[in-house]
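The following blocks contain the structures, represented as structure tokens.
Each of the next two complexes has chain A plus one more chain, namely chain B in the first and chain C in the second.
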Partner chain A sequence: MKRFLKTHEFCVFIVIIILSAAITLINPNFFTLENGLDLFKSYSFMGVLAIGILFVLISGGIDISFAATATIAEYVMAVVCLRFGGNIISALLIASGIGIALGAFNGLLISKFRIPPIIATIATMNLYYGLLIVVTGGKWIYALPDWFRYFADIRIFTLVSKTNTPYGLSVVTLFWIVITAAAYFILRFTMLGREIYALGGDINSAERVGFPVKRLQVFVYSFMGFIAGIAGVIQALLVQTVAPNSIVGKELDVIAAVVLGGASLSGGIGTVGGTILGVVLIAIVKNGMTLVKISAVWSDVVIGVVILISVGFSSWQQKKEQSKSNIDIDGIEVES
Partner chain B sequence: MKSVAGKKNELKVLSIIMVFSFILMTILNPQEFLRTGNIQGMAFQLPELGILSLAMMVVMLTGGINLSIIATANIAGITSAMILTLPVAGGGDLSGGIILLSLIAGLAVAVLIGAINGILIAYIGVTPILATLGTMILVNGINIALTKGYVISGFPLPVRFIGNGTLLGIPFPLVVFLILAFFIALLLKRTAIGFNIYMYGSNKISTCFSGGNNNKIIMSTYIISGLLSGFAALVMISRFNSAKAGYGSSYLLVTILASVLGGISSEGGFGRVSGLVFALITLQIISSGLNLLRISSFMTIAIWGFVMILVMVVNYYIDRSRENVLRIVS
Partner chain C sequence: METLFLSMKNITKVYAGVRALDNVDFSIRRGEVHCLAGTNGSGKSTLVKIISGVIKPESGAEIIINGSKLEQSSSLESIRQGVEVIYQDLSLFPNLSVAENIAVNENIASGRRFINWKKCREIATRAMNRINVSIPLDVRVEELSMADQQLVAICRALTGDVKLLIMDEPTTALTKKEIDALLKVVIDLKEKGIASLFISHKLNEVMEISERVTVLRDGKLIGCYNCSELNDKKLEYLMTGENSVYEPYHFIPDRESLPILRTKKLSKSRNFRDIDLEVYSGEIVGITGLLGSGRTELALSLFGLNPADSGVIEIQGKQVFINSVEKAKKCRIAYVPEDRLHCGLVMDQPVGKNLVSTVIDRLLGKGRLIDFERMNSEIKKWIHALNIKIPSVDSPVKNLSGGNQQRIVIGKWIATDPQLFILDNPTVGIDVSAKSSIHNVIKKLAEKGMGIIIISDEITEVLYNCSRILVMHKGRIIREFDSSATTENEIQVFIESPENDRIL
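The block that comes next holds the complex of A and B.
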């Protein structure tokens, strides 16, 4: 218990509670089930992507290309559904298949050719996104099939608010819940999960212990691609239009959310719980600012400050821990 | 191990690629590509990206990365622009003093952002990607809040000269770029700071043990990077005759591409200004050439990505064959 109180996740949790209390004091509409469920629906896109990025960060890598991957998966899925029909299962299969293929290519570049992940995925982002716009001509898709629209409106349970509008737990949120549960299981209870942590902790040790390092890297980036494909479908379900340029540019926001949740960019550290809290914190900041009527132009300033304070605080603590256990050398980290 | 001879080879390869791309574009588009208008246009476009790439390069030499260069450039530009368009300043006919003040204020803000990055990375121990990602989001936010998303425009003639004027027929921004590139090359090659930057990028622990002050090295690197972003801002606002929150955001990844193409190792420690300049000229030749051929700018982006992968894969094979040679020799 005492160890839990010192974790990064706990700090984020406290911040969330304080923020929620403050926002509720100003605008009681914030702390309602309706607003909460609505937030969980609209942030499921970011939440799902965050799980994928968490895997990549734990393995010690980074992925900038997932927004481009998600867009391509979304677009192809929509085109296929419009031309050949299908149902939600086939849509998910198509999108995640494309995601896995594009992600595996990243993994191949990183593991086989030893290209630093940030360089490799910046390159593939440009490649994927550029080709997508060239091939599609940047055209939006408005008319999605009816079954696709109906599916997005399904609720797991329905309640009625005071003003007689129905609300409830959206099926879209269910995607997020299922993926989060699966990720938690993989990371916590499978050999695969422990191997990914080992890979991020120290790639050389992992290799010497006998873990299939290269195969793990390909898996991690393919998994990111898979998640990006699912996220593409979620985005299409949420907004019911497919725009080639609507997701690209949000990569760094998602990475920021995961980092807020305590994942380290140097690998080996990060939890599913923390990642959810990170996404929730960003959601609350953005939603809360609207509810307390602070102009939207300030939202990035606030998020920037939150990120800097949060990562600054945790890095500072890490540095203090390290200098306690090592000979005190200013400015040295073992590996960054 | 990369020997000095290896580095010379890399420069040779880069210059061959540059000449090849020039010849290719000339063949593909003989009437338009060699026109003075086109050549001059290229000379006007190159410096912005060039100065920003220098800002990225110095940081990459230490093994870091600076995602906040564009945001820094924009906040510097907006600061200058706000002073230049102050109602009291009268708009059209400003005294030289105020113009100079505004430019210096812009540079000072850029240096400040660089210093914040440096403090976060050196003294607090945040990894470079994260620290600069945070400042990038924060500074972008401040930019939007300051301008409310509007464009600040209308600068006096001397300011517009920086980005649009010519000096003895040479575009003035190119002159600015060449001077800055020369100074950075000098700094990296001939001064203790430069030596330490390379040392830190190769091995920071041994740098520390050989008496380098790691915190000071990081501070000065990020301050230099910030200052260079500030200079890029001056060229940028002057060329557009305006400042805005989102200008040049597409440059960020291209600066990394240019650095990688120019032989700057993303793990730090290796790379030279001359390589970067060759890479920049090559990129400019290709993008102007494709533009003249009416090829979509998104196709150009895709080609950048492809070229970047190609270069890294070729580098991998070169490194591997070199390792093999070393193994056989020893």
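The block that comes next holds the complex of A and C.
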């Protein structure tokens, strides 16, 4: 228990509690089931992507291209659905298939050609996004099929608010929940998950004990691509329009959320629980600002400050731990 | 039963035309403690890599493990035959728990897709019981001391059916007490019929419990000897081919003159207390004591990295406040850390850039840009002066041997023209021949008038190089020895004496 109190996750949790309490004091609408469920719906896009990048960070890598991947998956999925019809299953298959392909390409560049992940994925981000613009001419897609729109409105359960508007747990949130649970299971209970941790801990040791390092890297980036594909569908479900430029630029927000949740950019460290907390913290900050009527132009500033304080606090504590000298001269002081 | 576990004949390995190993024979008996000795580049690690199956020898070699001839060497085959190597870097996963680290080999071998945490803990507990140690299972490995990490690595090796445990320089990072504990483990393994092979370029404790030593020099087998018939001197001769002569450094300072450094009642809470220290021009002062006696903390405070709370530091009679490396450099103080890999060098950067990194501000030309001509001539000067052997000034430091790396660390600080030079364990991890050449460099600097402090675990190092030896204990200087009037044994006994707590 004591160990738990010292974890980064616990710090974030405390910050969330304090912030929530403060916001609720100003605007009681914040702490309602309706607002909560709404947040879990609108942030499922970010939450799902965060799980993908968590895997990449744990493995000791980084991916900048996933927003571009998600956009392409979303766009192609929408075009196919409009032209050939289909259903939500086929939409998910198409999007995740494209995501896996683009992610695997990243993984190949990184494992086979040993290009540093940040360089490789900056390059592919430009490549993927650039190709999309060239091919589509930057055209938006407004009219998605009816079945697509209906699916987005499905609720797992429905309640009615005081103002007589129905609300509930959206099917979109269910995507987030399922992926999070699967990720937790993979990281915690499968050899695959432990191998990813090991890879991020020390790649040379991983090679020496006989882990398939290259295959793991390809898997991690492909998994990120898969997640990006799913996230693309979620984005389309949430917004109901597909714009080639609507997601690009979100990648840093997502990485920031995961780092807020305690994942280390140098690999080997990070948990699913922390990642959820990181996303929730960002969601609360943004939503809370609206509810306490701070102008939206301030939101980036506040997010920046929150990241600085929370990540800075952890590293400052780490530094303090390290510089603590442990020479026992206290015994002497009593006698002298 | 065959007495030999491993027998190797006619082992040759050629790298790019160079014979790293030249027709070497080597053998290990069952349950034997064996030592493989040699200086850097003698072929020790090449031989180990062949045993562990990482590289293949040239044709004509014959390797018999466990009574059966090894047709094709691969690391898997070696592991199957019961050979486990613990590399110097231990190959652990710092971010994973002790239990998981120990169980990792078995987890891979089982081929299961899911991890059974209960089983992991059982495997780890069983391995620890085998060598009678207990380390908390859920702690992350990075939080352990070096000694405990070493034990974790040994436990991991023991999870398989190990018959030969190879350890690469296992004692360099350990304190005396920890080494004794490790040796006990090795003796324990021996009783269980597990052979151990130590790789070493240091004449040390492992020798005491080894039965035989195989010595390599320049890729050739010098011989295999019973440990009982060797002493330090003889082994050193076998390894280097020359008898090194220690000339003690005697120096009587002119006590009338101003000392370069004088501290009065220098203290820092939880670090050191009431340090009165004087270093005169041309003098080499040794500081020794157990690990954690405050030696390094004191050195760091003189260099501005760990500023003292109270007390006075005087440089050439003038009181100074040193709270940053910049100020220390201004006082012309230089410091070479013990951990040159992490604190002393930028390993990926070339030799030349490392050498001038401390004086780059003096090499600025017009418009405060770096004057490359001056920089290059400065680099050449130091490489020549310190006799650093390198293929090119542009090769990264990480490719050099320990001795050459240490010369570069020392060189880059000499370049700052210091008057006080503090060296923390300057020859740790360096082989015998390179060691004495570094000692010579230090002595020459003192003869030119520099004041020098050597901090060392090795009593012989301070005894042969310093005129005065100070012993620290629990943050205080508790005794001063005159090196011309004491012996290694006297200092050793004094340092380890439990009475020391009472002297305070």
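Couple of notes before you dig in:
Please note the rule applied: the second predicted complex is superposed on the first by the 319 of 336 C-alpha atoms of A that agree within 3 Å, B and C clash if a C-alpha of one lies under 4 Å from a C-alpha of the other, contacts with A are read in each partner's own complex, and residues count from 1 in each chain.
Just so it is clear, a contact is a pair of C-beta atoms (placed from the backbone, for glycine too) under 8 Å apart; a residue touches a chain by one contact, two chains touch by 3 or more.
On a predicted model such as this, the values are computed, not experimentally measured, just so you know.
Legend: residue contacts after superposition of the two complexes on their common chain; A:129 is shown touching chain B, with no touch to chain C.
More residues of chain A lie in contact with B than with the other chain of the pair chain B and chain C. Judged by the touch definition given at the top, the superposed model places A:208 against chain C, while chain B stays out of reach.
When the two complexes are overlaid on their common chain A, residue A:147 makes contact with neither chain B nor chain C. When the shared chain is aligned, no partner comes close enough to touch A:31: not chain B, not chain C.
Of the two partner chains, chain C is the only one touched by A:190; chain B is not.
The contact surfaces that chain B and chain C form on chain A in the two complexes overlap at residues 329-333, 336. Residues of chain A that touch chain C in their complex: 189-194, 197-198, 200-202, 204-206, 208-211, 267-269, 325-333, 335-336. Residue ranges of chain A in contact with chain B, taken from their complex: 62, 109, 113-116, 118-120, 122-131, 133-134, 138, 252-253, 255-256, 259, 264-266, 295, 297-305, 307-308, 311-312, 315-316, 318-319, 329-333, 336. By the touch rule above, chain C contacts chain A in their complex via residues 76, 87, 89, 91-96, 100, 104-105, 107-108, 112-115, 269-273, 292-294, 297, 306, 474-476, 501, 504. In the complex of the two chains, the chain B residues touching chain A come out as 63, 65, 67, 120, 122, 124-131, 133-142, 144-145, 148-149, 204-205, 208, 213-215, 218, 253, 256-257, 260, 266-267, 296, 298-306, 308-309, 312-313, 316.
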